[in-house]
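In order of appearance the chains are A, B, C and D, and numbering begins at 1 in each one.
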Amino acid sequence: MGRWLDFESNPWGQEVLQGVSLDLMYLAIGLAVLFTLGHWFWYRRRGFSKQEEVAEAQGSVAGIPERIVRHTLASRIFHWSMAASMLVLLVTAFVPLLGLEFAWVTIHWIAGAVLILTIVYHVIHSIGWQDFWSMMSMGAKDVREGISHFRHVLSPKAPTPEKPGKYPFDHRMYHNGIVVVSLAAIVTGVLMTLRIETPFWEPNTYYPFVDQAVSGYSELGEPVISLTPGATTGLMFVIHGIAGVSLILMVTAHIYFAIRPDKRWFTWSMIRGWIDREHYLAHFDPDKWSVSDGSVQEQAPGGAIADSVVSAPRVDD
Amino acid sequence: MGEAESIGLLETKYSRRNFIKGVIAVGATASSAGYFIGGSGLLGAQSVPGAAERLITLNVNGQQRRVDVLPNETLAMTLRYRLNLTGTKLGCDRAECGACTVLIDGVNRYGCSTLTHQVRGSSVTTIEGLENPDTGELSLVQQAVIDEGGFQCAFCAPGFIMSMTAMVNENPNPTRAEAAHALSGNLCRCGDYHKILNCAMRAAELARSV
Amino acid sequence: MAEKIIGTDIVPQDLVAKITGRARYAEDFRADGMVFTKLLLSPMPHARVRNVDARRALTMPGVFDILRADEVRQVEGRPGEASLTDEPMYEGQPILAIAAETEEQAASAIEAIEIDFEPLPFVLDPLDSLRPNGPNAYTGGNVFAGGEFSELKWTDADFAEIDAGRMPNGEATVEWTKGDIDAAFSESDLILEESIVHQSLTHHPMEPRSTMMYWENGKLHAFVSTQSAQRTKYALAGTLNIDPEDVVLVAEYCGGGFGSKISGNTHMEVPAVFSRKIGRPVMLRVTRYEENYIGRARPGFQSWLKMGFKADGTCNAIDLYIVQESGPYGAGDFNTAGMIADLVYTPQNMRFRGIAMYTNTPPKAAQRGPGGAQIVIMMEPILEKAARELGLDRLEVHLKNAPDADVEFGPRNSTLTSVHAKEALEKGAEIFDWAGKQALSGRREGTKRTGIGIGLSPYTAGSRGYDGLMVIRPDGKLYIHQGLGNLGTHSIMDTARPAAELLSLNWDQVELVWGDSSRGMPRSSVQAGSQTTHAHSRANHAAGMDARAKILEVAARTLGGSPNNYDMDNGRVFRRGGGASMTFAQVAERAIELGGKYDGHELPDDIHATTVPAANMLAGEGLMGVARDNYGGRGGVYSWVAGFAMVELDEETGRVDIKEYVAVTDCGTVLHPRSLSAQVLGGSVQGMGQAMTQRWVFDPKWGVPFANRLYTARPPGILDVPLDMKVDAVGIADPQTPVGAKGIGEPPVGAGGAALTSAVADAMGGLCLCRTPLTPDIILSALEGLEPPFTLEQHIG
Amino acid sequence: MAIIRDMIPAFELFQPTTVEDALVLLAEHGQGAWVLAGGLDSYDWFKDRIKRPEAVIDLGGIDELTGISDAQDGLEIGAMTTLTEIVRHERVRSEYTLLADAAEHVATPQIRNQGTLGGNISQDTRCWYYRSGWPCYRAGGNTCYAAAPQAMNREHAIMGTSRCVAVSPSDTAHALVALDAKMIVRGRRSSNVYDAEDFFIGPATDITRMTVLESGDLLTQINIPGEWANAHFYYEKVRDRGSWDFQLVSVAAAFKTSGNTIDDARIVVNGVAPFPVRLDAVERLVRGTSVDEAVAIEAGEIAIQGSHALKYNEYKQPMMSNLVRRAVRSVA
């Protein structure tokens, strides 16, 4: 533990948890690089790109528009502003530790505030205008779907999994992961913001855990003393630190997949907002993600169904 | 003092002696030279350019003294615990009170905040070195203090006198304010500043008449 | 004719040693085989030691042994300080000690000790402890009375009063009243009421309390920094529970004590016990850092003062409430403060209430003018304000209220042997040109405002009944044995003067014996409370009279006739009108022949039991003068200092420059003018530091002090005092003591400090900041109208 | 582990005689090396046993680092030149009085006799929480004890803070910024010249350092350009005691004037932030103005805009404002 956690003697000479050590950041960076490279090699050797081509459009194209809106403008604004603030947060958090020094704290908390706003917006938006639970759900059915999906990934012989709904299992898993980690980072981050100078409140460097060395007596007349002053503060830093390094890993993986050619159509959908019918039919179960009832917001130019030839995504790697 | 001039403390071994020979008056014996704060100091890697050797020669009060000095040893400690020059006092050991003031090449400095190794090749003067070595005559600063009946508890006196000595050497014609400025690195908790300034002015007067 | 000795400037005998480095203070002694001990200090303000694992430390090179609390004397059942403890009551309290060949080894071994503390509730500020549900310094309570701890809390209503800036009515532990204050206040033309905070500050003598000790042939040889030699020998023997005659106490020089080393110090026990345990001489080299903690501090006051004045400036009522920050082991300053308030302003109607609250801060002890210095520093700005509001001159107000010889003050209507406070005020005013400087009061030049102030400060200055011991040896010299300490007051030399004069000796015919108990020390006063000048000029007078009588008798018995026929001068005793004579050398030889009382083989019955061993040791060495001071007297002995200061206050920076200072003292006959000046001005300078810069600061969350360096504690330096100060004495002999001399150590502290608080109040146009020290931040904040970040908190800054 | 103070832990002492050797030693010992100039800040750390370097590199024997020499334009001051030498140097006294004044205000004669200009500007902060060895941000921990609501922060910062609220302790740093001095920093491989203003860094950039100096770097020389020679200078330091005291607030200002019109100005305050604060806004205000009391007052007001007081240091706002006012007023 000593290697990953940082302990210091508090003013009373007690060893107190301070936070995570720098080594953990290097570990995360190392793992992120390893994962990216590993996945890339593994993917190439497995020749998944060929298998992907097997996926064919199934079912009727009737009523399915040429372009299927996957992410509304509102969702995209959310995603990219969140991404920007997250990147700023990561850069301001870790780059100074890597040696390039600049005044990072103010940028960091402002980016954090932006992130919180985007998430609040996202939550409201997704509850009010989106199918909130479809992004989050993790029922038995979803787990089965996930397991079959993973089997398929791990072994080409495994049966082709069922197609998912709008949010495939891995996306949901990632989303849930990022929800947990980000919330941990945000909650601890907000608490930490109470300790620094911001326009919002008077800072208190002992917040949120005012580890009052001695707070006097309880109503029973027993002395009330915190066990190890500063420990709870240290825990907050540990959570923030672990969340931070986890985000290094998760964001790296996310970006990696986003720029992978075979997934790039997803990325484009986050930019343009729509996917084309071929991808829709190839990757999603129309029963689970129904798009025929008015989710078509714009007609593709020409609009002839016959024009839409199922085609495999272009692989250019 | 002859025996005191070569002191080896390269090793300090545990040796229990159950008898006491007696109290040693300062400067009266050599064996007391072995007391010191440190014992486990590292020996500098001699091959490295600039590494300090421990056995050094110091010029203290006009005498060449061979002495074994740890790298982390302050001049005040060397003077007090190796050379038995206990006139140099330790009041704070933090360059704040001036009781340890000595002259290094005529300049008043805090002995507690100078590494002994830094004064190799310099001449060090302590309170014990102010009297005329031949006649025992007091220095003119000391004489001025006698004339004015200076100091109360006098723990600060050696330091003040060294600062006064540096002052009169540099400016034998100070105003009272200049004298106070020159002595502002020394603290007197008896608060005897008025009389100390009188001593300083008297010392300057004596210096001018020499 | 032998020279005049009393009242002249004589170079003190020890001065050459002091200025050549030959004077030996405790840390200058070495013993063969000497080892060092270092202390492990508590990191917490209140804790219990749960476990100590010293295994690794004890196997380290050079390490001898460990000393724990159970090996030293512990005080049971009441708040009492032990030199080592397993329940530290303040941050920095020594827990255990390690002895090693070198100090570095001892330090490294301390670091290698695994020690586990259980933190306990603590309190730094007495008012916090008085709050309902506030923490207590001890687990058993916050006050100690009637042999047990109890918890004393004030009510929310009391604190509401405090918050409203009024005097609370919470329970006090000490209360006395004289006259009828309610009636008096109703007759007052002006009533002023203030809440005032006086800070706690550390003594910080230049010499930390280092100690070296060893045992030889069953005797403890102790080299100690102490204010009082003879009494320290007995204190040390008491602590160790050994025969006092088995203690050889060496205390030739003491680098200042100011009340913190009255009879040695608590921690001198450590090297004594450790040395016995390991069989080696042990040096405890106390560092300044440690001195901060174990070196004592003046208690701070939080107080409420209500003063009533008549239109003519007469103070007719005082209501004073003091909450004292007493540290973990208590101190009694607040009682004295009440007495002195009554003495300086003679209100006739007074109520004093006080409470000493235990706190988890370094121990408090008397500091030069304990209680008295604080109270005059606190009260003087109120007087300034009163004078201003009544349109009177402060000097007049002081003169109107200062006591005369018939004063009765305090709860028991104490009387005094002599009072010349008014003469001191008048003489001081003349030297200072108070009348002329009135024109400067409140003057503004650029950003500078001028203020002038007065501080009038009395303090106890004498005691009675001690012993004198002296021997005329066959070398013809008078050897005066002094049991006092040698801490820079020159009392060892100056209190010997009466004996020399009685025997008509020149000063060079007198040898002083001091600083080594094995050379014989008579029962002496502790060198505290400014007693010694009075007490020992009397004791030496008595012994000198005894010697004189014996010399005359020896002459008569040797040369014939009656003692009345003889007189003496310059070391000879001779028959009046010429004829036979003897030298003192011959007298000494003859006295040894005669034996009995003459050479000390027979001793007076009334001398103190602790003088007897010293006299016995010296018996047969020559003609002995030995006697108890039986001169008696009625009333307390107090000396006075009137201080006058002019300051310049920069209203843009809050900095105060002390431009002038004059002090005039009433301390009876002057024994040694130059030393008197030094005492008066030196004490005044300490008071200036107290009023302007020096303090403790604690972090309230962790309970640890910060002003633990000299540069953060800020005792005054040479640039913080006026370049030229003037001093004089009223010089009227006290009628109740044969030499007429009273002590002087303590009164000047209050005078110097109060003259400044008064002058700053004047410069600020009568605004009482009601808090010391008057640092630039506090002054500037007040001038700029900032809301102060504190009310009555202690330990801030 | 129990805490003990007042005993310098063992270290290896190196006393190189050339800058090259010193740089080699610094590189060899890396993080374990400690550069010793006058040592007055260092010994405190050592005696408190908080900093425990393996190797102390004493620069006292390097002649090339001492002395003041005339450059074509201005002065070149070796980093190891003592403050006393600076105070007494004729040209410093006459042409760069600001620096002489500043150096004269350092602590005590003994310290000025030993302390160096390089050391004075490179010394660590005196925040007493930090100096007590507490695990604060600056010490690598996770809090600032001094900014806590009840903390004792009378001597802490009112501006330029970022988590850490310690102040720069130097008496000469702001004078050097006002004189637009250049700091020459040598590393093993490269040598950099920094404007004095950029030499000092705040906690927002690096909370563990006060200057750009990193492990392995050596400040070798301070160049004072001739540009501000013989300007109108103002230096004032407010402290509690007349000697051995750090500033509460201190101002160093250089003005080029014609009559009572300020043509150009550099006004720098110390003791209010973790670094000397140059008052650009005040400089803009006074540049080209003819000074009267109104300008001086406005300058003081502008100076403290954006400052933020902690519990016990609110007085620093008026104190700083007043000192800036006095500096500007001094031109009139």
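As a working rule, a contact is a pair of C-beta atoms (placed from the backbone, for glycine too) under 8 Å apart; a residue touches a chain by one contact, two chains touch by 3 or more.
Small disclaimer: the values here were computed from a predicted structure and weren't measured.
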item	value
Smallest number of contact steps required from chain B to reach chain C	1
C-D compared against A-D, more contacting pairs	C-D
Rounded Å distance, chain C centre to chain D centre (Cα mean)	41
Computed distance of Cα centres, chain D from chain A, in Å	46
Chain B-chain D separation of Cα centroids, rounded to whole Å	31
Chain A and chain C, separation of their C-alpha mean positions in angstrom	71
Residues of chain C engaged with two or more neighbouring chains	43, 103-104, 108, 287-288, 699, 701-702, 704, 710-711, 716-719
Residues within chain B bordering two or more other chains	37-38, 40-41, 93-94, 96, 181, 183-184, 186
Shared interface positions of chain A, touching two or more other chains	11, 13, 206
Touching chain combinations (by label order)	A-C, A-D, B-C, B-D, C-D
Chain B contact footprint on chain C (complex, rising order)	9, 11-12, 15-16, 18-25, 27-34, 36, 61-64, 101-105, 108, 204-208, 214-216, 221, 223, 250, 253-256, 258, 278-281, 283, 287-288, 487-490, 674-675, 677-679, 681-686, 688-689, 709-711, 715-719, 721, 723-725
Residue ranges of chain D in contact with chain A within the complex	1-3, 132-135, 139-149, 151, 161-163, 201-202, 204-206, 308
Complex contact set, residues of chain C against chain D	38, 40-41, 43, 103-104, 107-108, 110-115, 287-290, 447, 652-655, 693, 697-702, 704, 706, 710-712, 714, 716-720, 775-778, 780-781, 784, 786, 789-790, 796-797
Partner chain B, residues of chain D touching it in the complex	6-17, 21-22, 24-25, 28, 36, 39-40, 43-44, 46-47, 56-58, 60-61, 84, 107-111, 113-114, 242-244
Residues of chain A defined as touching chain D within the complex	6, 8-11, 13, 16, 18-19, 96, 101-106, 195-197, 202-206, 230, 233-234, 237
